[in-house]
Amino acid sequence: MSGAAGETGGAGGLRLLVLNPNISESVTALIEAQARRSMRPDTRLTMRTAAAGVAYIETRFEAMLGAHAAAGMAAESCAGHDAVIVAAFGDPGVAALREALPVPVVGLTDAALSTACLLGQRFSIIAISQRIQAWYREVVRGCGLEGRLAGIRALNRPLSAIDGIQEEHADALVALAEAAVREDGADVLVLAGAPLAGLARSVAHRLPVPAVDGVDCAVRQAELLASLGARRARAGSFAPPPVKPNRGLSPACAALLAGAAGAPGAAAPR
Amino acid sequence: MSGAAGETGGAGGLRLLVLNPNISESVTALIEAQARRSMRPDTRLTMRTAAAGVAYIETRFEAMLGAHAAAGMAAESCAGHDAVIVAAFGDPGVAALREALPVPVVGLTDAALSTACLLGQRFSIIAISQRIQAWYREVVRGCGLEGRLAGIRALNRPLSAIDGIQEEHADALVALAEAAVREDGADVLVLAGAPLAGLARSVAHRLPVPAVDGVDCAVRQAELLASLGARRARAGSFAPPPVKPNRGLSPACAALLAGAAGAPGAAAPR
Amino acid sequence: MSGAAGETGGAGGLRLLVLNPNISESVTALIEAQARRSMRPDTRLTMRTAAAGVAYIETRFEAMLGAHAAAGMAAESCAGHDAVIVAAFGDPGVAALREALPVPVVGLTDAALSTACLLGQRFSIIAISQRIQAWYREVVRGCGLEGRLAGIRALNRPLSAIDGIQEEHADALVALAEAAVREDGADVLVLAGAPLAGLARSVAHRLPVPAVDGVDCAVRQAELLASLGARRARAGSFAPPPVKPNRGLSPACAALLAGAAGAPGAAAPR
Amino acid sequence: MSGAAGETGGAGGLRLLVLNPNISESVTALIEAQARRSMRPDTRLTMRTAAAGVAYIETRFEAMLGAHAAAGMAAESCAGHDAVIVAAFGDPGVAALREALPVPVVGLTDAALSTACLLGQRFSIIAISQRIQAWYREVVRGCGLEGRLAGIRALNRPLSAIDGIQEEHADALVALAEAAVREDGADVLVLAGAPLAGLARSVAHRLPVPAVDGVDCAVRQAELLASLGARRARAGSFAPPPVKPNRGLSPACAALLAGAAGAPGAAAPR
Amino acid sequence: MSGAAGETGGAGGLRLLVLNPNISESVTALIEAQARRSMRPDTRLTMRTAAAGVAYIETRFEAMLGAHAAAGMAAESCAGHDAVIVAAFGDPGVAALREALPVPVVGLTDAALSTACLLGQRFSIIAISQRIQAWYREVVRGCGLEGRLAGIRALNRPLSAIDGIQEEHADALVALAEAAVREDGADVLVLAGAPLAGLARSVAHRLPVPAVDGVDCAVRQAELLASLGARRARAGSFAPPPVKPNRGLSPACAALLAGAAGAPGAAAPR
Amino acid sequence: MSGAAGETGGAGGLRLLVLNPNISESVTALIEAQARRSMRPDTRLTMRTAAAGVAYIETRFEAMLGAHAAAGMAAESCAGHDAVIVAAFGDPGVAALREALPVPVVGLTDAALSTACLLGQRFSIIAISQRIQAWYREVVRGCGLEGRLAGIRALNRPLSAIDGIQEEHADALVALAEAAVREDGADVLVLAGAPLAGLARSVAHRLPVPAVDGVDCAVRQAELLASLGARRARAGSFAPPPVKPNRGLSPACAALLAGAAGAPGAAAPR
């Protein structure tokens, strides 16, 4: 088995598969803790951590690794779940998985932005590293939401540990948020990246505008989509990929492609 | 008292104020029926129908009337609610109310588009009249989502009754939806307008891609936002309007402006 | 009768209805003074001040109030006029009235931007308050002119009186204008808001690029449109709204909707 | 002297220099006839026809020739005028002349689009040849107005004579206009090209939405700008070009560059 | 060793690594044949075919697989090469590899679009399947070139063999190209997809506008970039990814990340 | 004969016509020196300097003069060449000549931007004067590449001599480049303007990201296009302009229009 997996949560309700496309199990734990605060009481979580990849994603190359890892984990573990969350900001692999899986798939970015757009007109993203900004900008543009992006502001100091950012840099992150509102005209703040899971809640009282958290939004939007019961696409660009020769794929991935194409399923309304 | 009001629903949970900015009580009933199918079991609804306005909104002038009516109803009735829904596609008054009310406000359009964006890349809107399309296009552009709009298609026949459209025109609406997928490249369908409340569910099995319904999405996103506990803006463009002289407003509206400015509140996290 | 009205001006020529959608009669006087400097000698003005609303518009909520007030005044008073001006920057109600009235309708923003676009490539807006900027940005985007907006700069100090801004803050406004040219690359300046009526002329010699004034442009463009004799739309999204049931509207507004739909008129060429 | 020139019109009022950047004197006559119908009674016209160029502009290469011809004529003849009109759709040379001349400069396109934007939200251009469409599209984009362009439709038949298009093709042009409204969603029609001067007026009663004519709008907007008295730019991208070595230019053009740079003038308010 | 590899070509000159991110060796042969026609006489090619993946890429999921395969092949084989080509339209992995490799990287799409933009203003893409269009549209938008895209047209019939498309469907492809020029206004045609390598040349005489071929452009642009001698980024979003913990990667990929970060190299000018 | 001309270079290979649309022969020498460093060994150059125009182009008016001069030189001298380069940043006349000439035409801007887009996602332009920035911004927008423009930064000091800028201002130019990377997020630098020809190479080691040079890119892309053998357009907006009456043109220009239209040629593949 690749990566850490463990099903946790209640005995009924929706089952969410939460994929950390990075190798940091401490970040998985952070994600899980926030997901438990966000989910409905009877939702059940399956957490997975990537077996292959890097500690956290800041670049296009790392996002490519994360997308591949997320797809592999989803292929192995999606059976029996009602929705899948790719728990990294930037949504590596989300659009790809949305084609191949029979259930809704959300990323931290698309969930957070969809939610932020209901709370104000323009949002700013607060990020954990300078390097990550270019990739985030491209992701927002891929979502077609560049017209609502007030800006991206990021920490410009070395990160001593990826899982302690919130504690170490809380004041700096709040200062970035204040500047985003005052200078960039942000109406809503998106505190970005799985390592910041939970921060929106813990510093909310210090922020001048509403703030959202990727994990919080992703869990809630995944529950919303799973209970919506929307049908899976049978046509258009999110129908399952056409059947065609393949080789060298993991058995789970090959089965996903075969099964997806052979039997386009439908999420049952709940 | 202006318009029809009545609190309905369970004894606990979230309280949603649902405003029909038009005068059609039969449409209010349609909205309520779909809202009850969508809401959590313990959510409670307050329904309001505009005392002043038109039967349904197709134009900018009518939307202006609807926005004013929605604001008046919200000012009168929002106390004690956790979120407010403006139940007309096009979201008349939503951005205005988002400034003035202490709780989240959603419209059918912004809720449906935020949800649709999590189900695919490009969406098409299926509408009930030719005339309504220009206004919808402007609303989508106001949301900054024109890059994800595959197109708008609309019925081109006279509507004999606004509350019987679903039954009378179901086949024509399905045909428009199929054309939107086949010719315009839609990944998701948005069945637009309160008079189509419930249609996404009843014809889902006939549609080639997932479809969403404005009322369904608005109720679910309003519940999501209310339970998120995001703080109200104290700065930026959605902070309460500054205190300044006014005259001639309804007492409720004047109180809203005074109270909003005086005591920017915060929705308690739930 | 709601609000202050009074016909003034010469005995022949065009008749303009000028609507102040705010309640500030001192601002109406400022608008009238500038309109008299701008108009042709034989143009006649009817000035109206909103009976209901706020002292000046800075937010979406206040703009919604202003749009409704403008519509009510237009419905009551447009008969016998050749064009209507909504004399607030941001153009509350202009698009709505353009559907419903048989004569041309202009706002301070669309008139000023159309004029500015003939004087240079990129314009900057100089505004009277920080809060107003987000709304102005949305209005420019609604005009489709975001590609020509160099920026918006605004006073960041309290306004002691809305009708004395020009005198009190002239130096600060000129400094903002200079920064807009030097730092933002503005080719033309738009001095925004009815309270700045006349400023473009009084400080023109201190400004490095051409400047336009909303009232000045609105009066001149309204005269131009009225004399152009363009036909009223019989089709498309600015044709009169379709006839449909309504209730609770003012008699003038109901008559406007009935008459507009029943007898789409045509401005006679002059 | 290059080209045909002749001052015509009344003894007082504004003096407009109207430049036909093409060599067709019959089109100059058409332009003049429409300009006389559009101008104020006391406006005086100076008409010029290009000495070098082509019969009418459909391509970028021909527009380049027209821009150069317009600049040459303007340099020779602008003295003593209050505004300059480049009387070809596509505005060859207008932005260049706006830098170099001490008075306002308008083209048929920017005048028509600025006017059309006050009459509705989206405009369509009706053009005289298939080939011309690509260039027009680029011009609209250069104006930053692509978001308001509903479409361009053009005659697809050979033109037997450039000055008889209106008579020969009136029915076809009206059919294009109707299709633009019905299929493309145009709110306003722009009948494009100097050879169509006057058509908007003669077929107005047959068109479903308001229509504007480039010459009509250019004359009226030129009068408006001339009487506005806006200052000439002393800074920014429309200030006179910096003084620098030149050679081989016509004496008038060299004098214009020298004079423009040496003594940036100001149009006196009228 | 994964996939087919073989160095071919002359003894001097530039060395290009050409990666087919799909598993179709017959397509690799087609790519190689066209690359040999395009390359300079002394260029040497190394061809690689993906060991894992699908027969050809039409969807986002398949593109994710291709990106990962391309990265793995590049990590294994890039040493000793002057530039790398990812030989699939859609450019899977190109942006990621551009961060990680010390030499220029081009894809078929970005090379073809950069070239097409020098031959005209608007291009159309001719594609081999309906399904592939949505992904291509997103790729063009990722390049920021949506404003120059006249359209995408695609075969709508089953492909009996991926390597025989040119012969089987040449007439249909030419008909699509003609429609793209006549109806969509294309100035240049991009014949997209590795399976069409060589077609632009073989049908050029039948096409009304210039046509480019992805492989042809990629080889030539790769040679151009390799000989340009541009330095590798030491800062910005294409600098090597920062050093950080990783696990589970192939040895070559891990070495690439380590080496890339440790020793940002520079392509020597040639 | 107007302007300085001289064929230089080897006896075989491609023949490039390089047009300096300005009158500065010292800049022509700078262009030629860099072109010789960039071209293939057997490429032959014909250099031309404008007989009429200004010392260097910073404004739209000067660009109009340059476009006309470039067209005149091209008409006189293009026979016998395989490609034409307009050697001024801003590409005066390039689109026009692309219609009229039987061989590929490139400008410094479109060549540099097409190349830069293959080296990173966002580019910044480093320019020699403040005034030039507005025009450059419009040129980038005309290329549809505004979404990839990180910014434009320019020297803000007087230029003592146009041909000595590199030596005099190298440090200032490097500082602008560093700021473009650090503050604007540039991935690639475009050192703009013929007077900077060669600078990208001489300061490359001091720059944090890859830099390109307009002349270098134009020569290489012209060679690429000439050897590509793309057919000339017979349809669409870059087909030769239609035959129509003209007068007053130079004999070469008249012949070009006649010949172009009469015998649309095709560049032979090489």
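Order as written gives the chain letters A, B, C, D, E and F; numbering starts at 1 within each chain.
Rule of thumb we're sticking to: contacts are C-beta pairs under 8 Å (C-beta built on N, C-alpha and C of every residue); 3 or more make two chains touch, one makes a residue touch a chain.
It should be emphasised that the depicted structure is a prediction, and the values quoted were computed from it without experimental measurement.
J.: To get from chain A to chain E along touching chains, fewest steps?
T.: Minimal hop count between chain A and chain E: 1.
J.: Calculate how many whole Å lie between the centre of chain A and the centre of chain F, each centre taken as the average of the chain's C-alpha atoms.
T.: Taking the average C-alpha coordinate of chain A and of chain F, the gap between them is 45 Å.
J.: Suppose each chain is reduced to the average of its Cα coordinates; what separation in Å results between chain A and chain D?
T.: Inter-chain centre distance comes to 53 Å.
J.: Which residues belonging to chain B are in contact with no fewer than two other chains?
T.: Residue numbers touching two or more other chains: 95, 98, 121-122, 133-134, 138, 141, 147, 185, 187, 236-237, 239.
J.: Throw together a list of every chain pair that touches.
T.: A-B, A-C, A-E, A-F, B-C, B-D, B-E, C-D, C-F, D-E, D-F, E-F
J.: Mind pulling up the chain B residues that touch chain A in the complex?
T.: Those residues of chain B that touch chain A are 95, 98, 104, 106, 110-111, 114-115, 117-122, 143-148, 181-182, 185-187, 201, 204-205, 207-212, 216-217, 220-221, 224-225, 227-239, 269.
J.: Under the stated contact criterion, what part of chain A meets chain E in this complex?
T.: Contacts found on chain A: 2, 23-24, 50-56, 58-65, 67-68, 71, 93, 95-100, 131, 133-135, 138, 141-142, 236-237, 239, 241-242, 244-249, 253, 257.
J.: For the complex, give me every residue of chain D touching chain B.
T.: 121-122, 147, 185, 187
J.: Which of the residues in chain D come into contact with chain E in the complex?
T.: That would be residues 133-134, 137-138, 141 of chain D.
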